[in-house]
Each structure stands twice: as C-alpha cells, then as structure tokens.
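Look at the two complexes coming up: chain A is in both, with chain B in one and chain C in the other.
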Partner chain A sequence: MTDTRLEPREASDEAPRGRAPARRARFWTLRRTDAATGYLFIAPQLIGVLVFVVVPVGLAIWYSLNEWNIFTGELEYVGGGNYQAALDDPQLPSVLGATAVFSGGVVVLNLVLGLALAVMLNRRFKGAVLFRTLFFSPVVVSVVAWTLVWGFLLQDNGGINGVLEQLGVDGPNWLQSGPTAMIAVTFTQVVRSVGINMVLFLAALQGVPGELYEAARLDGASSRSVFFRITLPLISPTLLLTAIITIVGALQSFAQIAVLTEGGPGLSTTVLVYYVFQQAFSFNDIGYGSTLALMLLTFVMVLTVIQWQLRRKWVFYED
Partner chain B sequence: MRTDLAARPAPAAPGRFGPVARRVALYTALIVLAAPFVIPTLWMITSSFKPLNEIFASPPSFFSDAPTTAAYAEAFSFQPFARQYFNSVYIALVVTAITLLVSALAGYAFARIRFPGRNLLFIVVLVGLLVPSEVTIVPLFQMFKQAGLVNTHWPLILVTALAAPCVLATFIMRQFFIALPVELEEAARLDGLGRFGIWWRICVPLAKPALSAVAILTFLASWNLYLEPTVYLTSPELFTLPQALTRFTDPYGGEMWNTQLAAATMTVVPVLVVFLIAQRHFVESLAHSGLKG
Partner chain C sequence: MPNTAKKLVSALALGTVAVAAGCGGTAPASSENVDLRMTVWTSNEDQLALFDSIADAYIADHPEVESITFESLPFEEYNTTLTTQIAGGNAPDLAWMGDLSADLIDSGALVPLTEAFEGTEGWGYDDLLPSVTGEFSRDDELYAYPFSNSPFALYVNTDLLAEADQTLDPANLTWDQVSAIGSAVHTATGKGGFVVNDFNYSSWNTLATVWTAFGASAWNEDGTECGFDSPEMTEAFTFLHDAIYVDESMPGPGTTADFFAGDSAFAIAQVSRAGNLDGSFAYDIQPLPAGPAGDYSVIGQAGMGVLQSSANVEAATEFLAFLTNPENAEKLAQYFPPPRASLQTGEALAANNDKFTAEQLQTVVVDQLPGAVTLPNHTNPAEVAQTGKTALDAMWAADADVPAVLASVCDAIDPLLAK
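Right, the complex of A and B next:
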C-alpha cells in the first residue's frame, strides 16, 4: 500500500539529495526509482501490445477505408465504400445468422453442460477424479487433430453412421447438409472446450460455504431450490466470466470451421471469422476483410461491455 | 419432517430414489456423457493402425484385424513430418519461455509497483486480451511482409509471445502477486534487496503455481495455433503440426485418412500422456490461477 515502508538501499542513485529536507528528498527518490523500475518491468508487455495489437487495429481501421488495387498493389482511399459494400453484401446476413446460431448454441450448451458436469463431479465418489480427467482431456488435444477425427467419424460411411446403422438408424450425411453440419461444428466445439468451464465451475462450487447448504437443509429446502437459490447466485461471478470466455472463444472458432466444413455446405457454417479469412486471404480483398474484422471486433467489445454492465445488477456475491 | 432428521442414513437431499439407485443413475449418466469425450481419441489411435481398406469398414470395428504401422511410415515420407514436429516443439518452447519472463515482470509491476498511469496502462494491456487475433491478422500480415518476415517463424513467435496469450499470462501473474503477502517483500527490502532482487529471488520462486499455469496455457496456445501458420507459412518444411495435419491429401484432393490419423495420433498422444501424468497439476493450476471469479 504505502511505498514509504519499502526503503530501497540504492534508492538515491538518480535523485538529488541533501539540499531539500532529508525526508522529502528520500520520498521522491524512492518513488522515482521505483516508478522507473515499474515502467521497465512492464515495457516488454506494453510494447508487445502496442505493436502487435493497437497498431494493427489502427491499420485495420485505415484499410477498411481503402480498396486494395491488385494491379498497382496500392491502397486507394474509398471512404465508406467498404461499409456500403457490407450493407449491400447479399451473403452477409447469412454469415451473421450462422455466427449467431453457432455462438449462441456453443455458449448455451457449454454453460449448461459445464455446470451439470461440475455439479455431478462435485461430490465425493469413486471415479470422480477419473471422470473429471476424461471430460477435461479434449482441452489438451490440438483443435485441428480433434476436428480431423470428428470429420473422419462424421463421414457418410464413417464411424458414427456405422454405429447408427447397427442400431437400425439411417444416419444423415452430417457434413453435407446445412443444419446437420451446423450441429456437427457446434457439438464438436462444445465437447472440446467444455472441460475448461467444468473446472472453473468446480472451483467455484468448492468455494460455496458448506454451512449454507446445512442451513438450507435444516430449513427443509428441496435440492432444486438449494441449487437455484444458493448455488447459482453464489457462483454467478464465475458464470459470467465463463460466459465471456466462451462467447469470445466461439466468435473466434476458425480452425474448427476451416477443417470440418470449410464454411459449407454453401454458406451454412460460414461464420464471421471464417468469412473474414476468405475475403482477406482467399480473395485478397484487404479493405473489405478489414471492415468485416472490425465488425467482429465490435461484437466482442459490445458483448464484453454488456456482460460487465450485467455484472453490476446480476451478480450477488463478489470476493 | 422432523422424523427425517432422526433417520441416520438420510439421503443428501429428499429424492424419489434410494441411494443405490441414485448412484447407478449417476454412473450411467457420466459414462454416457463421457463417450463423445473419450471415444474420438481412442478411435483415432486404433484407426491409425488400420490398413486403408479397413478405415471405413462396415460394421465399424474398433480394432484392426491386420494392424499395420504403414500409415506412420507414410506420414514421414509424404511430408517433412519430423521437421514439422520439431518446428512446433521449438516454437512452443521459445514462446513459453518468453511469455513466462515477460508476464512475470509485467504482472509483478502491475500488482506491486506504484507508478503514474499504472491503471491506465494496465487497461491498455488488457485490450490485448479483448481483440481477437483474427482481427489483427490482416494488418499484421502486411506489417510482417514489409519487414520481410513472411514465411519465417518470427510472426508465430513474436505475436504469440507478446500479444493475446501473454496478456492472459500477465493478468494471471498480476492476480497472483496481488494476493501474495507484502510482508515477505518488506523483509527482503530490509535485508538490502532491490526491486529486481525481490522480484527474482523472493516473488518468482513463490509464484511457481501461477507460473506453471501460465506455462501450460501458453504452450497449448502455441501448439494449437492454426490460423497464423496457415496465413504466414508457405514452405512445407516450415509448417507446424496443426497445419501439416491438414495437408495429407492425395493428388486428387482426397483425404489420406489413415495417414492423417497416424499424424494426428503422434501430435496428440505425447501431450495427452503428459496431461494424464500431471492432470491434477493441470486442472488445479488452471482453476486456482486467478481465472476463477
């Protein structure tokens, strides 16, 4: 709290001393040295963020006001042209729809499943640790490998339809029709990443004081009302944090889409992040790609602000 | 109501079923739920030993009748797979080392050292966490092209080690150092240590749990990168594993499934084994790293 308690021995290196009253001079000396050290300590991280995040965002804004001339290889200023193009883009509504369905599906499924797993595994029973490990394990599997294997299993003659056939069910060609392809990418993404939320929920559940459960039980509360009246409100900060992490993660799911469906069939699984990649790198339309990228950034920012606002009203318990 | 309390082996909550039935239901639910988490990985491993004509056998069988390692040999002859493997490992190690250093320094300073503009600068740094890498990749590609660093590993190392994953690391380290008792540092000060000495000799050794969380998260982030290598790298001998995995296609564009699965197995299994050995550490470091609400 108070820096004056920390007296560095070499504190007087760079400040004049002796002239002003001793206490005052030492006070400033300490502050300066310490502040200089602070700037030095954060410098690599700060410079990294400025060079690799802030400057690129500035450049993206600039690109979005320009058109890339393929013949001269130069940028030509077009003002709001790319933004007008976005409004006129006949594909964009479909892309945004797919983004909403995918992100919404992932967040809802992920939070519900993550919380359900955490509640089930928050008791002491034989095998609890084993199950926890199993549910977490896809998190450490590389996204591309995980998605490749699911792509393999989801082939028309793949393992999933093979098993369904044994059960007398004629499975669909999962990746070749829009709705089933969307189900496939959503499900694959949820199973791969729900382990993180499960662990965060488990940690939160273990932080709920046991006396509260005791008290509720003595009052004859049902397990359902204990869950909704005690557990859920008390872990709501974690719920909120995981919601942010999950939705931002879903908005950035590039590899899953690229490997499993390449945005297809048609545009059915072309989410915004994949569309950005296509425009900027497949079609070399840097201006329009940047415009779409800024749209993605706006979504992430707006979502974060909304969640922070909700946090004030909705979270009952903090620290 | 009152008599319920008197009955000693009362169930945890009033329910319709007895404790045994509840236990059976719990295990059944968990086993069914675990299937999509476990079977794909197992299927990947067993299928990688199948000859190509068995890959899509009907009815599907878990194990091969005539197991072969041909797909593994093919993985190495079709692409410079050993080289690609080495690329992924060394990039992830370098990125992790840089991130540990940078985040431990910045996290400590943001938590403990007072300097003008500290909160503002911390917010600036946190912006790095908010901006998706997909947003910055277009301008970053142009920047690295100008610098002549496209088709090298520099973009993968620099951006990963200093942008988003590192900001998360800095955040985790800051949360850890804020919770560390300040008395330890005061004692060290009295013993004559400067800031750097306090950081290196006192705080960093105490921060092992947070540092291991950072190391795990950063290593995985780098190991799993897909968009960046796809954008920056064009020479197969520079590829990283995730990118290489998608390139096992025959000249007609068909997937070489068993080769792909063999390569995927080699990518996944070492990390999975490390995870299974140190799983408690993995999970707990993640849960207690300041990520929780």
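Right, the complex of A and C next:
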C-alpha cells in the first residue's frame, strides 16, 4: 500500500513532482531562533563553567596520571601511580577522619544554630533587627581577617583565656592540642557562616502561611508538633538548599585551617582541601595533589547527589 | 563537512596552535631589548633603591638591556609564588632563594656560575668564604651567589635583666646560664625568658641554633640518615622541653613573646634582624651560648641565581656578575652580611650599621662566619619540614616522651631522606 500522507515541507528539499516548485525551507525557524536565543543567554555561564570547571577538571585528571617536575617542566606518565600512592598514603586516613569530623561538626552546628536563630528572630521583639545584623555581619567580613583575629583570641595568653581567667577558669591552650584545635576551627567557621543560613531560614519561615499555625492551635497542637509537623516540612526545600551549600562550603574550608593551625597539631586539623594544597603547592607534587583534588570533587558530587535523591523523601513541595 | 564548518575548525586549530606556542613556548633569546626580572622577598624601600641604582648603572653601560625589574614577593609565600611562576612558564630570569635552593640545584633549574664569575675581570672568585658557598654548590660548581650570610646571635634585653636583678656573664655564656636567667626574668617580671625567633613551634629547622650546641644535627652530611634519634638530639630536646615546662624559661606554644617588642629577655635571631630594634629598651648582642659540644655558630643564608628557563641566560648571568662584583658587594654589605673575606672586618660592617659597634660586629659576625654551619636544608624542603613538624608537634606537651617523639620524627622523615 502506498503511504499517501503528506511529508512535512522541511523533510525534503526536492519539490513534489507535478507541482509548482516550493520555496526553499527557512533555516531560522521559530524553534531554532528560540534555541539560539536560549544558548546566547546561557553562553556567559556556559563559557565560565567550561573555562573554570571543565577544562581544569580535565587537566587535573591528566595531571593525576603524571608526575610533573615543575622546576624542569618534565611530565612523566605514571598511569595509576598517584592513585596507588593515595591508597598507600599513611597520612590520608587521618586527613579523611579530620575532614569528616570538621565537615560534620560545621554542617550540624551551622544548620541547627542557623535554624534556631531564625526561629528566635522570626518572633517580633525589640532589637530583632539589631540581632539579625549582629549575627549576619561576620558573613561579610573577610575570612582571613576574621580568622586572624580569632587566632589572636585563641592564643594561650589570648583574649578568650583572659576572659576565662577573670571567671576563675583555667582555659586550655586552644590551638595546641588536637581536640581543642578542632573545636576552635569548627567554631570560627560556624560563627562566620551561620548568618547566611539564618537569613535563608528566616525568609523560609516568613513564607509559611499563618493560617496553618492558626488551624493547628485551634486543633490543640503543641508547639513541638507545630514545629515538626508544619514548620519543618514547609521549610524543607530551604533546609535542602542550606544543607548542600553548607556541606560544600565545609569541604572547601581552607583559610581557617591555614591561618589558625596549619593543619596541626599533628594532622588533627588537616582537612582534605588543605592537604591538597600542601601536596600540590607546598610540596610541588602536582600529580598527587590533582589525585586528591579529584577525590575531593568526587566526595562533593556524591554527597550532593545523595542529598538530591533524598529530597523526594523529606522535602515537601506544595505543588 | 560543509565549507563554513571546515573553515571554523581550521581557524580554531590554528588559533590553538598559536596560543599553545605563545603560552608554552620559549621566546627566542634576543641580544637586543633585553628585559630582566629578578624576584626578591624584600620590600624594604632602601634595599630596593640600592638594587635599582646598581641596575641603572649596569643598563647605562649595556644598551642592549632595556630594563631590570626587581619583583618584590611576600616572604611567607615566596617559595610557592616562585614555583608557581616557574610551573606557569612565567619564571623570572634571576631569583633570590633560601631553602628552595636545594630543589632548584638538584633539578637542574639553575645556571652554573663558577665559570662566569671566574671569567669576569676583577670579580675575585677566591675571595668567597668556603663556609658560605657549600649550601649553593654541587661538585665545586657554584649555582647561586650567597649574598646574605647572617649569623644567628643572642639578643639580650638588658633592661629586663636589670629589672630581675640578673647579670649575664659573656665570658662564660652557656645555654644553662641563659635558661637560668630567663627563668628568673619570667618569675620576676612575667615576661618571656628566651625565644628562638621564627620558630613559633612550627619551623623546627631554626632549632638548629640550639641543638648544634649539643653536637646534634638533623641528618648526616649527605642528608640520607635522620639524626633526630641520636643521644645528642635527645639531650638538646630534653633541655628545650625542660626550659618550657619545668623552668619556664622559654614561652610555651601558643604564647606570644616578641623580643623586639620587649616581651622577652633573650632572642636567638639573625644579626640582620637588628633593624627591628627601635630603641624602646637597652640591648646587647652576644654570640650563641656554648653547649656540651662547645662553641659553635649557625648562619641563615640567601642566594641569588639565574634560572635556566630564562630567555636571556647570558645577559642575566652577566648582570649577576656585575651585581655581585667587589664594588657592589660592598654596597650590599650594608644590609646583608657578605660572603667575601675582604669585607669581613668589624669596621667595614659598622660603617653602615648604627645598631652595633665594630667590636660587637667583629664578635657576632666576622668571627663566626668561617666556622659556621647552615640551618638544615634538604631536597624537597617543604615536605621534609611539614612531615617533621607533624611528628614533632607531640613534643609540645608537658607529658611528652622526648625520645619516643624524636624516634617518630625519624620514622616520618626517613622515607623522604631516602628519596
């Protein structure tokens, strides 16, 4: 049987036989124009990602397969040698442990404290604006300046121990023992960055419809039930966003470690990103540094994907 | 492939090749319009002005050299910045170097200088003190001019000693005496006893200014065997540990005590740090105190070399020979203790030094240089330093097991020394 359906005009440049020649199809159809416009709009971002993300990641993969003598410029292909070195590195388990403790501490404290502050400041009381400004102001302070000041305060004969002494407490030598050094770097990171989460949570809280609280109260719901059954589900998209931002930020924390402890004492505060810096730029082992950087990239990606997948279970979307 | 696409691909390929050639390639050496660049870590305007004036004099006689730039990099990031420049294909023609010299020499990144210096009329190669060229030489070939050879000395805050009713006996100066007086000053005034400048419980190589007094060294002469587990080193670190936690004559970790701000009785620091003395307290300077191994001296060095990657190796080497000739070496000596025997007199050094007398400079500089040892330096200095520090951190606790910690330092750095 012969198919008698009409072919779309764009499908063939050949004019149908026995008819007047058709006009040549236009290249810039509406669909193509729309697509080109779209690509033009995203081009700046796309070029940025290409130049500053895709190309460097590609180079890092290449460097991780090589030993690079930066003094002579010689590149020697070593295949999986750097990956094997990572498996054999006796310091890496301690570094990963410190990374987990630091990142976990920062994420939990940051989210809990950020949410608590937001809930507190969501209630209208005198001075709320002042407190909001106070908690947010560290966010806009240079991270190095912030850390340097804390470095002085955390000295054995520094400001914090001076205050503790006035209270009759013999403060520890904060940056000179492993546990207190980890507490110190975690604390300075949390205090500096909690303001941004607080503001995001505050915006989310103010978007929760008041009638839901009113209905809950009429039904006799306790404050605890209201928080866990109304507030938390409704701000869960923001919770997801802040969790991702905070985890990525914690894994990237560098200046606090570099300025406050230089990874010490021992390896107690040597987090992965600082270890990458040491290997690549202090020890000039670009190949091994690139291998560790790819490991860090993988961690960030896996954690983000896990969170993104989990959102279906615990993130509430009104639509 | 349509024509337009072919043209685009060709243009892209050509562009890539052009960019690659521009970025990765080395410009051909030119005998005209030569621009030289030297990285330095000083930002002192007087020192930079001196370098500029010497460069101007050189350019006046060498029209092929268009400019000589001294690029001042922050001291703390100097090694990282220099290596990044080298890795990025933007290496300077000449560079100052400290502990990076071993890596640069061993990797063949520096131009040999002996022949060039010997071939320069009136340069006087034999005038260089053998004790200061070793750090920058391999197989009798010099790779960097040791322009700064600053001995470590004992700075004394005589005001603090007087406040604590303490008197120093320079004729019998020992570490035990320094520790005892430091402890007394701390008890009487609350200020620190003695500090090793720049140590900060991190840069352990500066402790060579102490452990050499006990006959210890970080590793053997060829840098293949760790010396931290030796009895001499154990004795040295036991002394330091007791000074911190028993006698309290040395400020502990995390305690700030800046000698130059008047916060401690003594400081071990290089003579070149005298510029930090602002006259706010009375001071004295003495050679390093003797220890069980007797008298000794330690110097901190800096060198100037030419990088092989320079497009103008010949011009750069020629300029370095000019910059370091006897006449200019004398000018540089006002800031940097010189490597030339002919300039080694207290009077010569005092001519440009208003902090110390000729007699003091004779004692703490001139008399110390011939027998001086350098701070420990090894190939891959940053990794050796960091790995050693990571292990040594356990030392800075009151209940530390000194021999065990020192053994762990050897365990940590042995694989690096064996490389």
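By definition in this document, the second predicted complex is superposed on the first by the 270 of 319 C-alpha atoms of A that agree within 3 Å, B and C clash if a C-alpha of one lies under 4 Å from a C-alpha of the other, contacts with A are read in each partner's own complex, and residues count from 1 in each chain.
In this section, a residue touches a chain if its C-beta (ideal position, glycine included) is under 8 Å from a C-beta of that chain, and two chains touch if they have at least 3 such contacts.
Keep in mind that this is a model prediction, so the values were computed, not measured.
Asks: In the superposed arrangement, which partner chain does A:F131 touch: chain B (first), chain C (second), both, or neither?
Replies: A:F131: touches chain B, not chain C.
Asks: Does chain B (first) or chain C (second) touch A:Q155, or do both, or does neither?
Replies: A:Q155 sits against chain B and chain C alike.
Asks: Where does A:F71 make contact in the superposed view: on chain B (first), on chain C (second), on both, or on neither?
Replies: A:F71 sits against chain C, while chain B stays out of touch.
Asks: Under the stated touch criterion, name the partner, chain B or chain C, that contacts more residues in chain A.
Replies: Tallying touched residues of chain A, the top partner is B.
Asks: A:N284 contacts which: chain B (first), chain C (second), both, neither?
Replies: A:N284 sits against chain C, while chain B stays out of touch.
Asks: Could you tell me if A:V53 is touching chain B, chain C, both of them or neither one (first, second, both, neither)?
Replies: first
Asks: Once the structures are superposed on A, label A:A250 by its partner contacts, choosing first (chain B), second (chain C), both or neither.
Replies: neither
Asks: Classify the contacts of A:V271 with the two partner chains as first (chain B alone), second (chain C alone), both, or neither.
Replies: After superposition on chain A, A:V271 lies in contact with neither partner.
Asks: Figure out whether A:Q176 sits in contact with chain B (first) or chain C (second), or with both, or with neither.
Replies: second
Asks: Touching A:L30 in the superposition: chain B (first), chain C (second), both, neither?
Replies: So A:L30 meets neither chain B nor chain C here.
Asks: Where on chain A do the contacts with chain B and the contacts with chain C coincide?
Replies: 155, 157-158, 281, 286
Asks: Over in the complex, which chain A residues touch chain C? Could you list them?
Replies: These residues of chain A touch chain C: 68-73, 91, 154-158, 173-177, 262-267, 278, 281-286.
Asks: Using the touch rule from the top, collect the residues of chain C that touch chain A in their complex.
Replies: For chain C paired with chain A, touching residues are 80, 83-84, 86-87, 89, 103-104, 107-109, 201-202, 252-256, 309, 380, 382-383, 386, 389-391, 393-394, 396-397.
Asks: Within their complex, state which residues of chain A touch chain B.
Replies: Per the stated touch rule, the residues are 1, 3, 5-10, 31, 33-39, 41-42, 44-57, 59-60, 63, 113, 117, 120-121, 123, 125, 127, 129, 131-146, 148-150, 152-153, 155, 157-159, 162-163, 165-166, 187, 191, 195-196, 199-200, 202-204, 207, 217, 220, 222-223, 226, 235-238, 240-241, 248, 251-252, 254-255, 258-259, 273, 276-277, 280-281, 286, 289-290, 293-294, 296-297, 300-301, 304, 318.
Asks: Under the touch definition given earlier, write down the residues of chain B that touch chain A in their complex.
Replies: Listed in rising order, the residues are 1, 12-15, 23, 26-27, 29-30, 33-34, 36-38, 40-41, 43-44, 47, 56-60, 101-103, 105-106, 108-110, 113-116, 118, 121, 124-125, 127-128, 130-143, 158-159, 161-164, 166-167, 170, 182, 185-186, 189-190, 192, 194-196, 199, 220, 223-224, 226-227, 230-231, 241-243, 245-246, 257, 260-261, 264, 267-268, 271-272, 275-276, 279-280, 282-283, 286-288, 291-293.
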